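For reference, chains read A, B, C and D in written order, and residue numbers begin at 1 within each chain.
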Amino acid sequence: MDLTWSPSEQQFRAEVRAWLAANVPPEPLPSGDTKAGFALHLEWERKLFDARWAVVSWPEESGGRGASLWEWLIFEEEYYRAGAPQRVTQNGIFLLAPTIFEFGTPAQQDRYLPTMASGEESWCQGWSEPDAGSDLAGIRSTATRDPSAGGWRLNGQKTWTTRGAFCTHLFGLFRTDPSAERHRGLTYFLVPLDTPGVTVRGFGRLDGDEGFAEVFFEDALVTDDLVLGGVDQGWSVAMATTGSERGLTLRSPGRFLATAERLVALARERGADAIDGSVRGRVAQAYIDAEAYQLQTLQTVTRVTAGDPPGAESSLTKVFWSELDVSLHETALDLLGAEAELESAWMKGYEFALSGPIYAGTNEIQRNVIAERVLGLPRK
Amino acid sequence: MDLTWSPSEQQFRAEVRAWLAANVPPEPLPSGDTKAGFALHLEWERKLFDARWAVVSWPEESGGRGASLWEWLIFEEEYYRAGAPQRVTQNGIFLLAPTIFEFGTPAQQDRYLPTMASGEESWCQGWSEPDAGSDLAGIRSTATRDPSAGGWRLNGQKTWTTRGAFCTHLFGLFRTDPSAERHRGLTYFLVPLDTPGVTVRGFGRLDGDEGFAEVFFEDALVTDDLVLGGVDQGWSVAMATTGSERGLTLRSPGRFLATAERLVALARERGADAIDGSVRGRVAQAYIDAEAYQLQTLQTVTRVTAGDPPGAESSLTKVFWSELDVSLHETALDLLGAEAELESAWMKGYEFALSGPIYAGTNEIQRNVIAERVLGLPRK
Amino acid sequence: MEFAFTGDQLAFRDAVRDLLAKECPPSVVRAAWTNADGRSGDGRSGGGAWLALGAMGVLGALVPESANGLGLTELDVVLLAEETGRAALPEPFVEHVFVGAPLVFADHPGVVTGELTVTAGDPLIPWAGSADVLVRLDPDPAVALGRGAKLDLLTSVDGSRRLARLIDATDARPLTRAELSLAFWRGNLGYSAQLLGLARQMLDLTVAYTVDRKQFGAPIGSFQAIKHQLANVRIGIEFAAPLVYRAAHSLAVGDSGAAVHVSMAKAQAAGVATNAARTALQCHGAIGYSYEYDLHLWMKRAWALASTWGDAAWHRERVARAILDVTNETGEQK
Amino acid sequence: MEFAFTGDQLAFRDAVRDLLAKECPPSVVRAAWTNADGRSGDGRSGGGAWLALGAMGVLGALVPESANGLGLTELDVVLLAEETGRAALPEPFVEHVFVGAPLVFADHPGVVTGELTVTAGDPLIPWAGSADVLVRLDPDPAVALGRGAKLDLLTSVDGSRRLARLIDATDARPLTRAELSLAFWRGNLGYSAQLLGLARQMLDLTVAYTVDRKQFGAPIGSFQAIKHQLANVRIGIEFAAPLVYRAAHSLAVGDSGAAVHVSMAKAQAAGVATNAARTALQCHGAIGYSYEYDLHLWMKRAWALASTWGDAAWHRERVARAILDVTNETGEQK
């Protein structure tokens, strides 16, 4: 066990920190879940990209630095500590990109990765449908082969698509084999949102920002080269991304450590003695949990680096970070007392945190996965 | 709304309190879940009976005082406040007696109620079986008609029978119609434990006392007059007792108010300032919950007195009191700190409290009942 | 001993419930978020619901009959507050009926009918901008005129609660210690009842949704994970309500433990309502997270009321002090 | 950066696990409850498991090689403590290996091989009656001889933990402040690891039972209510273990935050183990409540270790002090 960073890793951290100190906007940007805010966030993404901080773990030729998982962790730690803007491109970078790296043709990789890294093209996820939320196998949107047009006709509706109203592209699952059941017969498509026959309607999330969208498809034609990873292979291709959605990539410990630090700062500022004893205990517990999450991540990265990828264990992680995030914010609001109801970064953060136990597979689903795949309890 | 006691109720309370003050043993009796302790508790029961405090709510002719539910609540409050001995006869008095009052023949009522009230005969409940715990419909013990012998032959095994090793009689469910499914074809029998063919083996509960028993039946002959409420009617007859088991009768608020008072006394004695802030909050919460339980009971008794019996709501009560009892004791043990592991009334009480969420229908079953019968959520 | 409401009290509640069902459907609550004054209508005199409540005499319920009020007690109006919570009524109901009107009716008789609106805050005053009379419990407890008062406007997570700090008051008169104390405990009783109503509504809404919503080929309400979460909310409500009703009774009869009883009620009701909100959202999933769906209107009201005028931890600590520290807590003082 | 144990450390753990599987099955734990000394054998020198651990050198693991110990660090033995927790080993393992031996080996070389047993308490000393050397952390931190020591015997809920207060000590020598501090944090590390092992064992036992046990025509482990409770225990273990291992590392390398890290570990491990106990019992139902079934042997050990040497609330408060009050907490002192 070695819990120290190598000289080169420390050097990397210093570089990241220095750049962020010099470039992070002094004033927080307006919410990236609004049209105006999204545009400003894209400018920031461009800035990150130009300095090659947008996708540190990607190979150099795709705009990254070929950074190790360790360096990626360091980058994230510094990024959150610096209070840098939310990554509005994250769904592309963290959910789609790994899939393109794994299943994409060289042509697809060249075509989509650089523009994704630079924010020139922004991606939203088109999975959920009105009748397919937790149960993705209930997907009804179809893609029908149209030989004459040399492509596929998309029909149906996606919903709860994060930032769909602002993105240029959507990656999603469509049923290509209507006779197939549940998870079979789905295909993974890359869809430009300006395709004729595609209509997007943004709608508000809990905090009122237009962070959700419904996307309607009416005979929208997409060409064959927009199929990712093979016709009718959509489910197994998609699972690669849920893996990364649930696993490490989206939930770097830096995010929760930074929140925990802010919580502690808030508690000190309210005056440690003025704090109710039970809330004081919860501040300590939340801080302990944030450290536990970081340490467990170090353990996982060590394993992954040694070539042992996480499986169903990622469900343990998802439940823990999502509930930790809620309790970090809940505790902060309790520290604010009567002022808790006022507009604040804590309240906004709390509203956002409440989505954690719901998306990327509700925590109820995750607990089933843990029980069945980690503990081996019977399905029926 | 009137939250005051009438003069006659106050008079009743004064009488109870005076008698208990004069008669409750200064030293707590040894555990009633041991052979020796059980005998001493029966002496106490006799004393209660002679003073007509054993079954206050029963009619005078059966040894009671025809007390109202309100007076019964008062009696219980005083009984627990005085730290009087546990009622080792409770399973008969609270679970069987209501059934005998409702379904018993006059002969059965005359035969069994007075001796039950005096403790001359003591009753244990024979429901659970090795394969029928939460799922009572899984009962396999049989009663087969034996015309020649003019009665029924009992075969099978009961288990987790509280104080079965010390009682003289058992009331239990046996399958009289082997062809019937689940809840049908069961019959409610009253069984003297000295019946030839009945073997009782006591075994330890969590605290080590011999409070459980297995009861084995091998062609044990019971006469027809030992059937309570009709052949094959056992389930509906038994439900009357689960009602009272889960409902009011066993869980008078006095029990938890007394525990809450002792918890507060313990906290004061440890020094209010010495207490960890989070534990201090839990003491207050437990106290609040104990009062909430009392007030909810007053509400229920008001309703019952007005002729509106509680239905599935009794499941709400069961979950609440059983978890309240656990947290009252858990909080007390946390106040004791390093001394928590030492033999003490609190630790013994905690071990007992832990059975609350399990027996009389686990709290998981109760939550199903609440969801389906109180909230109307679909069974499947 | 009788722990139940009278037929009159229940009939009064039913009348108000019917009134709110008609005058304050979710659409009205939603509209209030964008109204000029955040209220159920859009004039200073409030909207349909407010006017109707005034016509019914409810707004002056705690004002003595000698001053044309209904001369009722906290016990008579606690169920009405619960109903306004259930409807998420976007009006200063508790602030006016429980706190303000009984304090200012002599100088401002218009509050009895609702012709004038009074609101109150400690320290944040909801709907201050559209009120005629303002009561500030903290700092410097005082009654002031709405017109000409200098307000520092603030934004609540509940878009209908237009908050303000009263910075500079016109014609302010200080509150006596007794007035302050009664106002504080009555207000907390009102909020406790509203929190209870909010919890009931969020539970009903969620039960209805989970019975309907199918995933994995079954109504999600048939899954134990959903059933048990909702059962816990129902249990919480079952054992919070009697504390709220008892607190109302204690204030009505002047029980010396009234203040502690109110703290017990507020601590419990705040916990139940916030848990109901959390559970309702989780059981709804993404749709509950949508601004277009009504759930958030109730959730945010619950968050606001749970933390205002002392949150659960604060009131629990009041109880702790009463049972652990003070030997004979009269509970008469804030 | 590498958060993992070495092959040697894992092999050492496996060896001890195998040893305990052979020498300390549940029957041995159960027998200890009725043995004269509450230990895995019945002589003062302990039982098979204790002798075997001694033969393996484990009992002197933290004693310098110069004194014939293994000269290992906390990081090398933390997994061994976890295994002794999993086996509910009825021996003063933590007290001897983590606390006592490194303190007294110079005066009492016999502790290195296990020929002599040392135990320790703060203030309650487990297995004091059968030990040769006693370490008392509180009051008056001191090392004393078992023979001739005046003991006040007490009964623990864990029948194998024969507790005593050391009232009057023979040839006592006081502990230095540094000795006391190191002993306290090492002991808490050992208990944290044992609590982790206890939690793992209770979870495994319960998973096995719920897969087997059928009610309502299905294995009860197939019901969501059971699944989710057990999943929560598994999550708790997942995020307690790294804190325990980190604390071991911090003590091993002399990290200035070591004390706080141990408090984090103890707070988390105590919480996880008590929750595992509660869940295991609930998921077992009546059989888990039976004295004849083994579960209670683990539950009661967990209760005892969770509250000894500072319970979760106490250690959480230590953390609170470090992050909220003290500006540069060195964590070096108890």
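Operating definition for what follows: contacts are C-beta pairs under 8 Å (C-beta built on N, C-alpha and C of every residue); 3 or more make two chains touch, one makes a residue touch a chain.
Since this is a predicted model, take the numbers as computed values, not measurements.
A comparison of the A-D and A-C interfaces places the larger number of contacting C-beta pairs at A-D.
Mean C-alpha positions place subunit A and subunit C at a centre distance of 38 Å.
Note: centroid distance subunit A to subunit B, computed from Cα atoms, is 53 Å.
Residue positions of subunit A touching 2 or more other chains: 276-278, 280-281, 364, 367. Of all residues in subunit D, those that touch two or more other chains are 223-226, 228, 313, 316-317.
Viewed as a network of touching protein chains, the structure reduces to a complete graph with every chain in contact with every other. Note for the complex: subunit B touches subunit C at residues 1-6, 9, 70, 264, 267-268, 272, 275, 280-281, 283-285, 287-289, 291-293, 295-296, 298-299, 301-303, 306, 313, 316, 319-320, 364, 366-368, 370-372, 374-380.
Residues of subunit C that touch subunit A in their complex: 122-124, 154-159, 161, 163, 214-216, 220, 223, 225-226, 278, 281-282, 285-287, 289-292, 296, 303-304, 307-311, 313-314, 316-317.
Residues 128, 131, 133-135, 138, 159-160, 203-208, 212, 276-279, 333-334, 336-343, 347, 351, 354-355, 357-359, 362-364, 367 of subunit B are the ones touching subunit D in the complex.
The touching residues of subunit D, when paired with subunit A in their complex, are 1-6, 75, 203, 207, 210-211, 218-219, 221-222, 224, 226-228, 230-232, 234-235, 238-243, 245-246, 249, 264, 267-268, 313, 316-317, 319-320, 323-325.
The touching residues of subunit A, when paired with subunit B in their complex, are 276-278, 280-282.
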